[in-house]
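The structure under discussion is supplied below as structure tokens; questions concerning it will follow.
Letters A, B, C, D and E mark the chains in the order given here, with residues in each chain numbered from 1 onward.
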Amino acid sequence: MDAEAVFEVAGLSFRYERRVAASCASLRVRNGESVAFVGPNGSGKTTMLKLMNGLLGPFDGSISFMGRPIAKNPELRRRSVYVHQHPVLFAGTVRDNLAYALRLKRFGAAEAEARLEDAAERFGIACLLDREAGRLSGGETQRVAVARAVAAGADVLLLDEPTSSMDSEGDAAVRSMLAGLRRSGSTLVFSAHDESLVRELADRVVRFDMGRAIAGPGGETE
Amino acid sequence: MDAEAVFEVAGLSFRYERRVAASCASLRVRNGESVAFVGPNGSGKTTMLKLMNGLLGPFDGSISFMGRPIAKNPELRRRSVYVHQHPVLFAGTVRDNLAYALRLKRFGAAEAEARLEDAAERFGIACLLDREAGRLSGGETQRVAVARAVAAGADVLLLDEPTSSMDSEGDAAVRSMLAGLRRSGSTLVFSAHDESLVRELADRVVRFDMGRAIAGPGGETE
Amino acid sequence: MESLLEAVSLLVGGDRETWWTIATSVRFSLWSTVFAVIPGVPLGAALFLGRFKGKRAAVALVNAVMAVPTVVVGLFVYSFISRSGPLGSLGLLYAPGGVVLGQAALAFPLVAAMSYTGLQKLDPRYGETLLTLGAGPWRRLAAIIREGRYVITQATLAAFGRVAGEVGVSMMLGGNIRWYTRTMTTTIALDASKGEFERALSLGFVLLALALLVNFLSHLAVRDGR
Amino acid sequence: MESLLEAVSLLVGGDRETWWTIATSVRFSLWSTVFAVIPGVPLGAALFLGRFKGKRAAVALVNAVMAVPTVVVGLFVYSFISRSGPLGSLGLLYAPGGVVLGQAALAFPLVAAMSYTGLQKLDPRYGETLLTLGAGPWRRLAAIIREGRYVITQATLAAFGRVAGEVGVSMMLGGNIRWYTRTMTTTIALDASKGEFERALSLGFVLLALALLVNFLSHLAVRDGR
Amino acid sequence: GKEAAPAARPAPANPRVRLATTTSTENSGLLSYLLPFFTEDTGYTVDVVAVGTGAALKLGENADADVLLVHARALEDAFMAAGHGAERRDVMYNDFIVIGPAGDPAGLEGSPDAKAAFARLAASGASFVSRGDKSGTHVKELDTWKAAGIAPSGSWYKEAGQGMEQCIIMAEGLQGYTLSDRATYVALKDKTSLAILFDGDPVLFNPYGVITVAPSKNPAINADGAKAFLDWLTSERGQGLIASFKLEGQTMFFPNYKP
């Protein structure tokens, strides 16, 4: 057990039905680290990220978050957020979506407002704030979803192909945001097919294949 | 009017509600051409592709397909297919999905089988054929959707960011497939944020901004 | 509840008439459900798929028709199958056919409304994909029904519940004739009117058990609804 | 249809009693709907969100309860509010309160079942997003109800239709007392028993018109359901 | 008797007769008692459709019943006058009784006649449940109020608009009074604590008639069966059986066919 470890995965194996969708002998993500999941389609990246956010279960083996088992771990919901590969937004405007997330994280009105404006600015969605969230384009939706997660201020971010639908501007925004978070000590785990993103932002790469996390320089996964 | 023109767009303007989501003074796509739509998020690429497939309406201006107005044009459904940015598959297996599309296009049993196997092979989804289609990963779903459209044998393909969720293998498969179709005379219109894809495959680029198709070397759009 | 006990003893006691009544109820309800689902599901799906003027009005009408009391549906159908009505020569009145017809007429809007409502939440991309692949209206209807099969199972179950539990139509068109058109609900109504509340309640429990059984069986049929 | 004409003349004729009956029906139905929706929607949403043992059984039970005839629901509630029942001292029997209570009990499973069914088709990512953002169970319930508001409007309308159109409970718990608990449906049942089929049918049309009106009003309230 | 009951006769061509009747004859058990004898004697089986008197007559009018057994003299006469019926005969009568809480808070017991009993009812303010459905019972009740010179209204007077049984159950629930026919009351007796508090005034007699529906109305009408039922019910055998039908040891219906 490592006091520094945010995630500690051991002997993990998860099946949706019969087939193992994600397995991992051992993986440790340290505080402030940035880890990229790469691998072919269907290799288990999304499954692993969801498992690490407590969205899937039950599984064999163990995942601990901040030193305690992930199940019913209140820290998990307070400190980490997962963003879907193809995110959905709630009914209402974009502003409502951000405000809702901020309310859930119990920010005071003034701070919430400031964070909201800041995130909108950084992700280039200020002009979308009063648009109906359900009616955005694919890339706009992804921007808002990432902005929502970042605004919510979790210091552990699990991002599933966060730039896949974005244009170059959005892509740049996410890159600079992730770089900033990294500097400020946040822990990042993200999946990506875009190699330049991985090269630029990851301290470490975990490769997936056929449902198995198979290698990561500096990581413990065999 | 150009006998060669597959699409002929003039004075087009479409609004979802109040705001214009896509407009285009004039655009001609010739038979056998490969046109890329590029532009920032929310600039109207998806909207334009859907309009060109008769999935959205009513609109101001005119779109004609093979020389006849797009509305109620039976050629449209026989000869062109649109693939969503984030596609959905039908209930049943992957094989069922492909077979269904082939049945709709009235292929005989033997030819349908051959086309199905060929598409599965080319897109690396042979191992997925008997999996439940609703339970695939993001990239697997996109592969199957593109394969389904290609197998259906339409010679006008409208692809909305066809590689956004794909791994490098899938990306390569789509590229080689599109290159092959281009050689064999199919007409392609696709949107993409990935510049290398555009450079490699497009005869011509149409740029979108704020809902307007604004420039295309060799195209008529002002 | 003592009526629960009585319900058990009613069944175990094996009173021939009670069993006959139960069987009749099941038969009538199943047939009515079938005849309500056959037009109801396609109507619901067509309302969902259709892009026509007056669609809102059509949906509102289907919803509103559900508010028509069973007695009125009964009367309406009566006016057709009465000997002096247009279908009088078929001899449906005070016969099983009349009950089935009336109950199907009653449940059909429910099936249509529930199918439509359930399909609403179906992703619009399904419809678009069908369209772009060149599926004609009938294929689209069939495919949408397939995608929405969970919803449609639910609508069917609700229809079964509605007809199994209704009294007005069975009374008015069946006549509650012993050994012929008497069902559990008309028996219950009769018992209740005779002040035999306990017996009526226990038959109610039997009906509930029956509905539970049908629900479980349907779950086996459509396993992975989600 | 001559009964359609008669329906119009019934209303235009402005018979005070007819109008009074219509108003009473509306009042009872609205209150019953409110009291059915308040527990029904959260139950449906909780069934949708919940991950617990016996969930299937709970869903099946809710579905099955819909099959219980109105008379039985009436009897059941009767056993609580009759003078010798536990709630006897409230004086609900043969009074508006009894009708509203009984009808709410009747419609509540329908609301729960329809909410649950409709929400089924809601994308699972909604629930996951709520969870990951740290929403507790109550927030999730509220947010899911909000996302599913179209479905829930439909369920509410169906409940309104169900209670506006039912006879058994109104008769048994209200007693069809003139100028007190007489509603359109009990009037219709009375007319039918008097052989006044035409009048009954035309009141049925009035009820249909009323339900249509409620449907249209609700459409105005929830514009962009889709 | 005009109708002998031969032991062996050929089965009738159309053996199902549809009888529309009021709930009192069905729910008191009279029909379940009589019909097996009728079937045995004639080979006809009877489909009983028990509805309100008005509805029964309407079914006759629409030719949806072959024969009617009802009690609403004025309406029956109108039915015949309109040509809907082929033949009408008196069959039997029973009587109406006033029932109420055993303690008799309105002090009905010992009233000299129906008028007086109703007057006491109105004066006491005790709840009274009226059928309110234009049935024979309701008409009789209204006539009696009129004879007593009272226009009943107020919260004590509950116009229920339901069947006899339901009204008795309501009167029980409200601990109030109601006017009932004897047969229905006796059939319900062990379900209610209400007692007979006034009876015996001849104005409260309740005559039943049997009517065959005019066969000319519709070819589907089983005219032979209807006629057989009418004949049988008014035959010596039918009349005798009616007289022998007893609930709790009391005769419920008194045959009164006069050829």
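Going forward, contacts are C-beta pairs under 8 Å (C-beta built on N, C-alpha and C of every residue); 3 or more make two chains touch, one makes a residue touch a chain.
Note that the coordinates shown come from a computational prediction; the quantities given were computed from them, not determined experimentally.
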Chain pair, most C-beta pairs within the contact cut-off: C-D
Remotest chain, chain C as reference, centres from CA atoms: A
Most remote chain, CA-based centroid, reference being chain B: E
Between chain E and chain A, distance of the C-alpha-averaged centres to the nearest whole Å: 79
Chain C and chain D: spacing of chain centres that average the CA atoms, whole Å: 17
Gap in Å, rounded to a whole number, between the CA centres of chain C and chain B: 44
Separation of chain C from chain E, taking each centre as the mean of its C-alpha atoms, in whole Å: 35
Where chain E touches two or more other chains at once, by residue number: 163, 166
Set of chain B residues in contact with two or more other chains: 86
Overlap residues in chain C, where contacts from two or more other chains coincide: 123
Listing of all chain pairs that touch each other, if any do: A-B, A-D, B-C, C-D, C-E, D-E
Of chain C, residues touching chain E in the complex: 82-84, 88-89, 91, 93-94, 175-178, 180, 190, 193-196
Of all residues in chain B, those that touch chain A in their complex: 16-17, 39-43, 46-47, 85-86, 128, 135-140, 142-143, 161, 164-171, 193, 195
Parts of chain E lying in touch with chain C, wherever the complex brings them together: 18, 23, 27, 47-50, 62-64, 163, 165-166, 168-169, 187-188, 191-192, 217-218, 220-221
Complex interface listing, chain B residues touching chain C: 50, 53-55, 77-78, 80-82, 84, 86-88, 90-91, 100-101, 104-105, 148-149, 152
Of chain D, residues touching chain C in the complex: 56, 60-61, 63-72, 74-76, 78-79, 110, 113-114, 117-123, 148, 150-151, 154-155, 157-158, 160-162, 164-168, 172, 185, 188-189, 192, 197, 200-201, 203-204, 207-208, 210-212, 214-216, 219, 225-226
